[in-house]
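Quick one: structure below, then a few questions.
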Amino acid sequence: MKQAFVSDLQSDQNITSYFLVCEKEIRSTRDGKPYLRLELGDRTGTIEARMWDGFERDAASFQRDDFVKVQARVESYRSKLQIAIDKIRRAEEDEVDAADFFAHTPENVDQLYAKLLAFVASVKNPWLRRLLESVVQDPEIVPRLKRAPAAKVMHHAYLGGLLEHVISLCGLAKQIAAHYPELDVDLLLTAAILHDVGKLDELCYERAISYTVEGQLLGHIMMEFETVSRAMDAIEGFPANLKTVVQHLLISHHGQYEFGSPKLPMIREALAFHYLDDLDSKLAAARAALALDSGEPEWSAYSGALGRKFLRLDEFLKHTTSAPTDLK
Amino acid sequence: MKQAFVSDLQSDQNITSYFLVCEKEIRSTRDGKPYLRLELGDRTGTIEARMWDGFERDAASFQRDDFVKVQARVESYRSKLQIAIDKIRRAEEDEVDAADFFAHTPENVDQLYAKLLAFVASVKNPWLRRLLESVVQDPEIVPRLKRAPAAKVMHHAYLGGLLEHVISLCGLAKQIAAHYPELDVDLLLTAAILHDVGKLDELCYERAISYTVEGQLLGHIMMEFETVSRAMDAIEGFPANLKTVVQHLLISHHGQYEFGSPKLPMIREALAFHYLDDLDSKLAAARAALALDSGEPEWSAYSGALGRKFLRLDEFLKHTTSAPTDLK
Amino acid sequence: MKQAFVSDLQSDQNITSYFLVCEKEIRSTRDGKPYLRLELGDRTGTIEARMWDGFERDAASFQRDDFVKVQARVESYRSKLQIAIDKIRRAEEDEVDAADFFAHTPENVDQLYAKLLAFVASVKNPWLRRLLESVVQDPEIVPRLKRAPAAKVMHHAYLGGLLEHVISLCGLAKQIAAHYPELDVDLLLTAAILHDVGKLDELCYERAISYTVEGQLLGHIMMEFETVSRAMDAIEGFPANLKTVVQHLLISHHGQYEFGSPKLPMIREALAFHYLDDLDSKLAAARAALALDSGEPEWSAYSGALGRKFLRLDEFLKHTTSAPTDLK
Amino acid sequence: MKQAFVSDLQSDQNITSYFLVCEKEIRSTRDGKPYLRLELGDRTGTIEARMWDGFERDAASFQRDDFVKVQARVESYRSKLQIAIDKIRRAEEDEVDAADFFAHTPENVDQLYAKLLAFVASVKNPWLRRLLESVVQDPEIVPRLKRAPAAKVMHHAYLGGLLEHVISLCGLAKQIAAHYPELDVDLLLTAAILHDVGKLDELCYERAISYTVEGQLLGHIMMEFETVSRAMDAIEGFPANLKTVVQHLLISHHGQYEFGSPKLPMIREALAFHYLDDLDSKLAAARAALALDSGEPEWSAYSGALGRKFLRLDEFLKHTTSAPTDLK
Amino acid sequence: MKQAFVSDLQSDQNITSYFLVCEKEIRSTRDGKPYLRLELGDRTGTIEARMWDGFERDAASFQRDDFVKVQARVESYRSKLQIAIDKIRRAEEDEVDAADFFAHTPENVDQLYAKLLAFVASVKNPWLRRLLESVVQDPEIVPRLKRAPAAKVMHHAYLGGLLEHVISLCGLAKQIAAHYPELDVDLLLTAAILHDVGKLDELCYERAISYTVEGQLLGHIMMEFETVSRAMDAIEGFPANLKTVVQHLLISHHGQYEFGSPKLPMIREALAFHYLDDLDSKLAAARAALALDSGEPEWSAYSGALGRKFLRLDEFLKHTTSAPTDLK
Amino acid sequence: MKQAFVSDLQSDQNITSYFLVCEKEIRSTRDGKPYLRLELGDRTGTIEARMWDGFERDAASFQRDDFVKVQARVESYRSKLQIAIDKIRRAEEDEVDAADFFAHTPENVDQLYAKLLAFVASVKNPWLRRLLESVVQDPEIVPRLKRAPAAKVMHHAYLGGLLEHVISLCGLAKQIAAHYPELDVDLLLTAAILHDVGKLDELCYERAISYTVEGQLLGHIMMEFETVSRAMDAIEGFPANLKTVVQHLLISHHGQYEFGSPKLPMIREALAFHYLDDLDSKLAAARAALALDSGEPEWSAYSGALGRKFLRLDEFLKHTTSAPTDLK
């Protein structure tokens, strides 16, 4: 069982606990003495660690992204906490509970995936349905789709978060299309399902969530533009103009140039989808902020993603009389 | 019957037609000769008109916002068209068809109003329901609520447009609250119904749509803040914190400072409502742009409100094969 | 007598001193052990404090906003200083000197208030004079008006600061109106006296200065808009247009949308007042920055409010020859 | 006497009137036929004019910036009015009234200049007084100082406007320095008197107001920086640090980078002066907008310089009851 | 020979001349009468034209993008010039001189293309050389590459302009790489040659220059991203990371999000190339502005693309003494 | 030999090493006890130091900008490291290696200066050549020109950096002028050589690099404007318009108002030079970021100056196959 979590560590504490190896390097001090430098993490954060003496044999036993068992002392260095390791060894998967290391959607991903297939099956336009099938059933994509987070920090930043976000958007798409008869539900569903598929490669999330080099150089919009374009090209006879429409939905979904969309939405479904995506992301960010303790009973923690904190409505209204006197 | 519309007038044309008097003034030329200056309008626009001789008796017969019958010649002056009037007289309401003068929602406003009452009745929180009733059933408000446009130019800029916009938002509010269990549907409905009630006084729309002086100095957000605050104060025992929440919903609904909201949404319902309001307004603006002929078959007219034009999807996809070969 | 001030504390120091309790909470460690967590403050700042053992009886003796006497050790935790309390007890008001705990205007607030009444009495327009009287003599308002700071951090951020700022603006208003005959001095004085009255409720300043929940959700502009509107409604026969003018003065005084004014100044007095308010606030911020030691003899501390530091003119010019040779 | 003003011309009108020659060129049509192209102006605006036949002798009689007497016909070409000249000849100065051609401050410039000398004489710092004397009494500067406008369009855009603006600022400087004892009145007066002296060369205003080439390439801030720096260098022993302070006052007076100030005000007098300059300029722009007829009785013309229109307060409040009933 | 150019037309002129048909439509007046509406153009601009009577037979003889011979009268309608056609017929290519209709680079495009091949041949990296060869020698691309303009209005907005711009950039790339040894010349050349290849499809320029629908929905950055990615995929073994680098060069070349680049340059060659592209484009825009007559001898026409006008240096310095006296 | 560098210090370490005295002050604790406060530095950074007891004699032996030898203990105070000094004494220049204290261009400054003279000699315009000679050969300027950095932090932030930057720009100027025949190489060289000459006085860099008071109040653009203007005035007969052109080159070289240029480039050479300067500065900043270890093998350290990190191209492409199979 994990005994110490990163967010609870305090200076001068002696610990024995399990961690994930996020980075591993051999470095040298200025006078040439080698030492082991690690970044260790769990579900609550990451911390730097060093091992100064006799690390050679221990260090050979594990790699980046392995679990390790560590005996160490927490110290303060340059006003940050870090760990001075006495002993370290590789831990087996059965020694640890993965849930201690990776935050995860509270939903069941297999059920989410089943819902996704149902949404795909509901698409009437045969070209779009075939396109969606070819993507969401691609055996290279399925396992990653079930695992990917929707973002590194902004919203749904946990395993399975992408699928949770996509399913929420599919539901919204259905509702909005019912509300506005001028909107094509098939295009809205297509946007919902494909708009973040580039994140499967933009992020790496096998263990800790971070950006791939390719992800940083291109971004998920360009990456899914390429993936989805290739999928359309692979469907014989896919209409050229419909391809352009799907491409436009993908590249315009951030809604504004400064958020990395090279084109503004110029199709009504693209405009509407941008609002749905923004709404779902921002509500998720608010939810995350409200889940944290801020120390002020009526307020959430400050959300850097939204630039504000949120009112805890229940708390603020808890002493409200339940009804006007004459109605009681 | 109206024979000539403002948007069709051409230089050097002789006309006899009915117009609405938007402005009326007696001015003098530099050498002291008085003349009559009018702004005449109909559903398609407005034009300046002058009458140089013998206007005294005719001018006495009508006022601003009357209908008039005009015999005149269209001329070009300083590169704008204007009308030189030969004869003018007041016209009775039964000589004209009001629909030639005022653009109007295609919906039936009495049916819209009945839907509004139903939405109000569905509110479970007794304080909010009573607040909404007191506003939408106020005999001073009802007739204006059935007539007001939602804006001067941006969206729903026609009579009845405000009610159409409010009803659309109530429908969205119900859907979104069903989708996100964390959102309070009563607060969303309250926001939908009250968020633009200040426009009843910010705009004047008895005849042409324009801004009142008060509307320009205060804006509809401040005006409804005052109206709704007074309505809450009039309900004995209305909880103070709930009042603050309703006030926050009103003042934050533009979502950003630069759009005149003095506070960012800091309650989840306020955040969500801002997106719904923006979505409904922007889709209406896109609809208006698509209703105009742009001369390019695949494109709408340019929407100044949105800073772009919109693709006519039907036109662009009309030659698309209906299905993959193997599915036919 | 207070022996240790927050801004002077150093790691590993043992102290016995008085503080103000800014926050008080019982929390638990991960393994379920309860502890007392406080935020303690004085005129120079605040610091976090914890008491780990035997705090139950001591903690029952005092509340938030009480003074306490503390015996403790200063420690460094997660690169911030905090206090580990050994003993703590409630202190009586007569044990402490309030001036050690709250920064205060150097002016005499009763004299400031007398000046305010004189400015009100000088207003010629009877409607405005009555409005001002009804606000500044309201027994609920007077004590808060004598105590409130003008801001939490930006300018005049000390007790009595609001009144000091208002009196300065009244003096400027008189001068400017004398300089520009086109400006109405009564409107300028009305703006000066009422423009920040919402801060009485936006901020709480009984002990430490912070924002109320209502203040955060609405802001002082909306709060004074409501307060002053109600005060005008309470004066029988108050002219509707004059009410609109006063409301416009209040809501436009920040001068720009991005500073939370929902309308730009569209009345000359509103435009001029915005400049006076900005000038007085910024000079106060510069004065505060110059009062701090920056370590550079020619420069003030950096003012976050103004985004710059200020030259100490006396220092920079101290070696300047006093006059041209031929004039000596 | 001038019989036709540019702003009153109408298409198809025959005129005989005096104008100022703003531009004069011989051009050729595509097929090689030469013609005379002029820009003619008066106090109300400018208009393009052409003379097609027999212009050679007439054109030789006058130059740019001369007055001319013209017999011509007003025509509409490419949707702009222009003048087709039949006859043109040079007019003597005594045929025209200069006031018909150039807008001018309503103040007496000699009195303004006398006030300026009095303000200079009131400066106590001998270095600054000598500096100011050397500039405002420079025989090359005096006549231009009495004539220059303060801007081409933004504010005080008429002859003598610069001096009027400077005198107003000197008065404000005295008041503000009396109000804030921390401010040095000598530095404020120095800023007021020198801050726009570069406009003497940035603009040309012998006849029509326009920019010089040097003015466009450098701007008045750089030009006065050079002029005033040279004036300080010419005073033996002028203290180096005081020179830097004066230079800083000049270059920071626009207050922000985007308005062309290469440095933000970092001296309190520079900060305060920026506000005074902005206030005086903006009030002058509001005054100019209110002097124009907008067609709406309660509103000024739209001020492009301020991005808004202004309320005519007298008009809006004219029906206000003069006092509460119980005070009558 | 073409007798009348669009930019020379004047109201009330009778003309017989050749034009290009830019748009062609049959429309109806409000009372149902059909008429022919055209947009006619030549190298100097475009103008609207209408034919009211007997157009059916004539209109059948030509299509959009044909040349026509027109006998007509120029009129002013709603303050714009338009043409009322009396007779119109299709013109053969040998009746007209194409140079009268399309602006063209002054360079020889075959020589430019030969230079391009030489630059490609100089690339040492075999993967990049093969990629460039496959693009610039693609028989579908070559003819369009020799014809395409570099932009619709911003810079090099004439036939052959794209190739001229690319060759200029290749030359700059060689120089810069020689100057900074840290830069890879092969990558710079790759960027220069491929960075605007999407414009071949973003613009249509068979006759008049305009945007394709696909171009408006996707933009040239996305279009060349797809084209070049497909070209790299077609080269067996093309290294994945090198592909990512080339993709990054393409998508980052506008340098900032607000100019449509979804990523900032994060490779040094991408950073440097962005500057070269910007420099070459802006100098071309300045050149175009200087080629136009502004009426002011020292200034170019105003460049909307650059937001300023440019000094004619020769003119401004023409009276400069050629050398200091002591050097003569 | 220097034994401990600032960037290597760790809490609780005992050191004996040499440092540069960046600041020196006597301060007092709240209870009146005096102590010595220093800022000590070397090539790797600066750190605060205090000496509590018996410092009087030691402190008298050295001044700011002297080297000292220190025996001390590193401590952590308020989450920053600082040094508690036991012994301190002035060190002679021969005890230390200046290279340990000041970062320096890797180039030979005398060779750079010789190149500069060659560039000056290549200028054909005799006025400009004389101007450049008078500046770069001014005996007051030469030693500072050989020492000054190009900036405090943004780029070339080391001794000799300014000259290195200037020489690089001269080379670029030659190349660009050869590429674009429309550009005057003499003006480009003049801009390259003079555009940062104000930095000689804006920065102080005798020991540590910082800003002078004058530099902060005026900025290098204004300072070189004055220096170069005076140098032109000193050349008899220097043409007025050429002076204006040179002044414009200087003040417009930052390219945009928000970067402190009071005018946009309106001369082609000014436009081109702005790009060259920006390119050279940004590449230098990228070079500096790449020289730092970021812990990620493919990425540079984050460059605050550029707001991004840079890809290590060699690292990213190191496993790339060297050539297509069929070419091997």
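Here the chain labels run A, B, C, D, E and F in written order, and each chain numbers its own residues starting at 1.
Basically, a contact is a pair of C-beta atoms (placed from the backbone, for glycine too) under 8 Å apart; a residue touches a chain by one contact, two chains touch by 3 or more.
Quick caveat: nothing in here was measured; it's all calculated off a predicted structure.
A.B. asks: Provide the labels of all chains in contact with chain D and in contact with chain E.
C.D. replies: The common neighbours are B, F.
A.B. asks: Same or different: at the chain A/chain C interface, is the fraction of residue numbers used by both copies above or below half?
C.D. replies: Homomeric contact, different residues on each side for the most part.
A.B. asks: With contacts counted as defined, which of the two, C-D or A-F, has more C-beta pairs across the interface?
C.D. replies: Between the chain pairs C-D and A-F, C-D carries more contacts.
A.B. asks: If I average the CA coordinates per chain, which chain comes out farthest from chain C?
C.D. replies: E
A.B. asks: Return the distance between the CA-based centres of chain A and chain B, expressed in whole Å.
C.D. replies: Chain A and chain B have C-alpha centres separated by 42 Å.
A.B. asks: Please report how many Å separate the Cα centroid of chain C from that of chain F, as a whole number.
C.D. replies: 42
A.B. asks: Identify all positions of chain F at which a residue touches two or more other chains, and write them in rising order.
C.D. replies: In chain F, the residues touching two or more other chains are 76, 79, 213, 217, 245, 266-267, 311, 316.
A.B. asks: Quick one: which chain pairs are touching?
C.D. replies: Applying the touch rule to all chain pairs gives A-B, A-C, A-E, A-F, B-C, B-D, B-E, C-D, C-F, D-E, D-F, E-F.
A.B. asks: Where on chain B is chain E touching in the complex?
C.D. replies: Going by the criterion above, the answer is residues 5, 8, 10-11, 76, 79-81, 295, 298-299, 311, 316.
A.B. asks: Across the complex, what residues on chain F touch chain E?
C.D. replies: Result: residues 126-127, 130, 168, 171-172, 175-176, 178-180, 182, 184, 235-239, 241-242, 245, 264, 266-269, 271-272, 275, 278-279, 282-283, 286-287, 307-311, 313, 316-317, 319-325, 327 of chain F touch chain E.
A.B. asks: Can you list the residues on chain A that touch chain E in the complex?
C.D. replies: Where chain A meets chain E, its residues are 213-214, 216-219, 221-222, 225-226, 229, 244-245, 247-248, 251, 257-263, 266-267.
A.B. asks: What does chain D use to touch chain E in their complex?
C.D. replies: Touching chain E from chain D are residues 23, 25, 30, 76-79, 213, 217.
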